[in-house]
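Labels A, B, C, D, E and F are assigned to the chains in the order they are written; within every chain, residues are numbered from 1.
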Amino acid sequence: MALQTPIEYDQASPVVRAVYDDIMATRKTDWVNNFWKVLAHHPETLQRIWSNVKQVMSNGTLDPLTKELIYVAVSITNNCGYCIASHTAGAKAKGMTDEQLGEVLAVIGLANETNRLAIGYGVPIDERYLPS
Amino acid sequence: MALQTPIEYDQASPVVRAVYDDIMATRKTDWVNNFWKVLAHHPETLQRIWSNVKQVMSNGTLDPLTKELIYVAVSITNNCGYCIASHTAGAKAKGMTDEQLGEVLAVIGLANETNRLAIGYGVPIDERYLPS
Amino acid sequence: MALQTPIEYDQASPVVRAVYDDIMATRKTDWVNNFWKVLAHHPETLQRIWSNVKQVMSNGTLDPLTKELIYVAVSITNNCGYCIASHTAGAKAKGMTDEQLGEVLAVIGLANETNRLAIGYGVPIDERYLPS
Amino acid sequence: MALQTPIEYDQASPVVRAVYDDIMATRKTDWVNNFWKVLAHHPETLQRIWSNVKQVMSNGTLDPLTKELIYVAVSITNNCGYCIASHTAGAKAKGMTDEQLGEVLAVIGLANETNRLAIGYGVPIDERYLPS
Amino acid sequence: MALQTPIEYDQASPVVRAVYDDIMATRKTDWVNNFWKVLAHHPETLQRIWSNVKQVMSNGTLDPLTKELIYVAVSITNNCGYCIASHTAGAKAKGMTDEQLGEVLAVIGLANETNRLAIGYGVPIDERYLPS
Amino acid sequence: MALQTPIEYDQASPVVRAVYDDIMATRKTDWVNNFWKVLAHHPETLQRIWSNVKQVMSNGTLDPLTKELIYVAVSITNNCGYCIASHTAGAKAKGMTDEQLGEVLAVIGLANETNRLAIGYGVPIDERYLPS
């Protein structure tokens, strides 16, 4: 259910186009996905979120595929359909195999189960897990 | 808040002790954490969950650290205090640096933000994300 | 996916019609939205929830638009598609502008991010936030 | 459960101190709350999140109290204890009365109930809620 | 972390005392638990929620223990510590055995796992599950 | 949105067929629902989850209908559309009446409301709810 329809490049303001251009240049592609075209209804949010994504997802000591898998884990736990589709596609583009996808989903499922067992039983935190 | 107190090795039944022994042997340690000692109140659950964790977390095409990071991502999104403490400790034991922890948390935080933006705006899924 | 189809006025029992009539009279409209028409499958729930909504949403020291925005914030965080659509429409009917919608979504997104950072880092509550 | 202890001003690096200084100047206070002192373990996150909070929470067409109430609504729905304490304190500092707090909590509670009724019954979205 | 301290019977207004009296009379006990003593800070909410609980939990075609177990399932999934403690105690008072508690937690854990597998894989709903 | 299409019996490997056969034999039916046909993309997960479901849902001191209602409560709280449809159908097949469904949904809705009130007010746990 779309509250807002995507804003295509031709309809976009110069501020929005500049973000679209930077997305395509950064990703080395000629395509912008709907997430950004919908955020374009509030240009400050479009600029702010793109700036955050570029900073958080691009550089660092974790490889890009691991970051995508964490994104998939959060998105499935939150039940965000769009995010599951886009970040699963992103992980495949970064080299995730079908076997790896199966393992990712198995870990996500099991973590959601043991989370509730720990919560339901009220397991006390072990001393050695506490900061010294 | 503990609904059930941990069952120590000395108090445990032979069935429970066998699981504790297997946990320590598999992990090459002389220590069992509270999660298992509380599950011991329902031995079928203790056996079943340990069997699942051994299968899902041990072997595969994803390295063990990546699996721990996915566990951390799910546990933070679900707000499970015990799970965050134990799996962060697990990730550190598998080599996670402080810098990597900072990046993991940054990705988890950002994913939770963009999940709600995608949900709130009702972003339609792009055609190329759909299975062909 | 509808588990139950909406019950239209013509098909409704006198008890259900009385609630529909009160909804339309209270809202000064000739229209009842599907939420109530589906709750009508369990008339006690229809009566109870309508009575709660009338009490909580109508009177008070907070203005009606602020209450709608809180409803939108909860609905997006819970990922309830129907509720997002209906309460966004409700907020617009009460005067919310497109710019305000953009800001509401920005706050909701950011709050979901900082919630997970506070949870993930296990930030201790400052003394001055505790009740004296 | 603190994974990381707060970093006090005296222990902080120049980069972290600069953010603390900006927080205090922006808020016209001589105090920094623990959230920022813990984020300081990853200075990029500290800078990024403070920059986001300043942009999203400060200016706009919604008044600051309304933004705080939306933050409270998200934080309660996500069960973030630190966030509930800090943003309830923030709302009080911006003028929220005890009666208003009672109403905010009533709306949040009811929204969480009707969200699940809409989800559980699978209520179909009314035509007039869809974008034309 | 208590935002509001419980209001004891001696300190309570006549309106609040009347609800406390009805809680004790309905439950055939001389004791009121903290949930109600904290809601007493907003007497309209105290009255409204008690009226809802009395209606929903007392009568019906489901037995009271089954209703408590559903409450426990929701509370664990939402990670509400107070609610887990109080409704587990309520279920025990209604006859739940330790073995039954073990089974309840096992079902809750497994449901949380399979929920994420169904969401993550995007399983299409079978025709025969749809309303005819 | 299906990430993976269901694998039909004719296309399935012998390992997958063996699970399908066991599902049909255990349930005394000639039909396998899509959940299993999609898990079949990762045969280890298919075998593991079916083994868990058989153990957790089949035997015990709780009757099968109560277990299905707990599954429905978790699925609605998590907003898993597929799970709501399949476990509501499962509960109906085990004898749930329309009136009982209405009561189940009322309890789930109310529990989600009171969960947030307990969390938002930070209700302290009563001494007598703590383990002695």
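Operating definition for what follows: a contact is a pair of C-beta atoms (placed from the backbone, for glycine too) under 8 Å apart; a residue touches a chain by one contact, two chains touch by 3 or more.
These numbers were taken from a predicted model, which means no experiment stands behind them.
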For the C-alpha superposition of chain E onto chain F, the rotation angle in degrees, rounded to the nearest 5, equals 180
From the listed C-D, E-F or A-F, the one duplicating A-C with over half its contact pairs the same is A-F
Between the Cα centroids of chain D and chain F the separation in whole angstrom comes to 34
Whole-angstrom distance, CA centroid of chain A to CA centroid of chain B, is 20
Among chain B residues, those touching two or more other chains are 1-4, 41, 44-45, 48-49, 52, 56, 77-81, 84-85, 88, 99, 103, 105-106, 108-110, 112-117, 119-122, 125, 130
Within their complex, chain C touches chain F through residues 1, 3, 41-42, 44-45, 48-49, 78-80
Chain D residues touching chain E in their complex are 79, 81, 84-85, 88, 98-99, 101-103, 105-106, 109
Counting only contacts in the complex, chain C reaches chain B at residues 72, 76-77, 79, 81, 84-85, 105, 108-110, 112-117, 119-122
Seen from chain A, its contact residues with chain B in the complex are 1-4, 6, 31, 33-35, 38-39, 41, 45, 49, 52-53, 56-57, 60-62, 66-67, 69-71, 73-75, 77-78, 80-83, 85-86, 88-89, 97, 99-100, 103-104, 106-108, 110-126, 128-130
Contacts from chain C onto chain E in the complex sit at residues 1-5, 44, 48, 52, 55-56, 125, 130-131
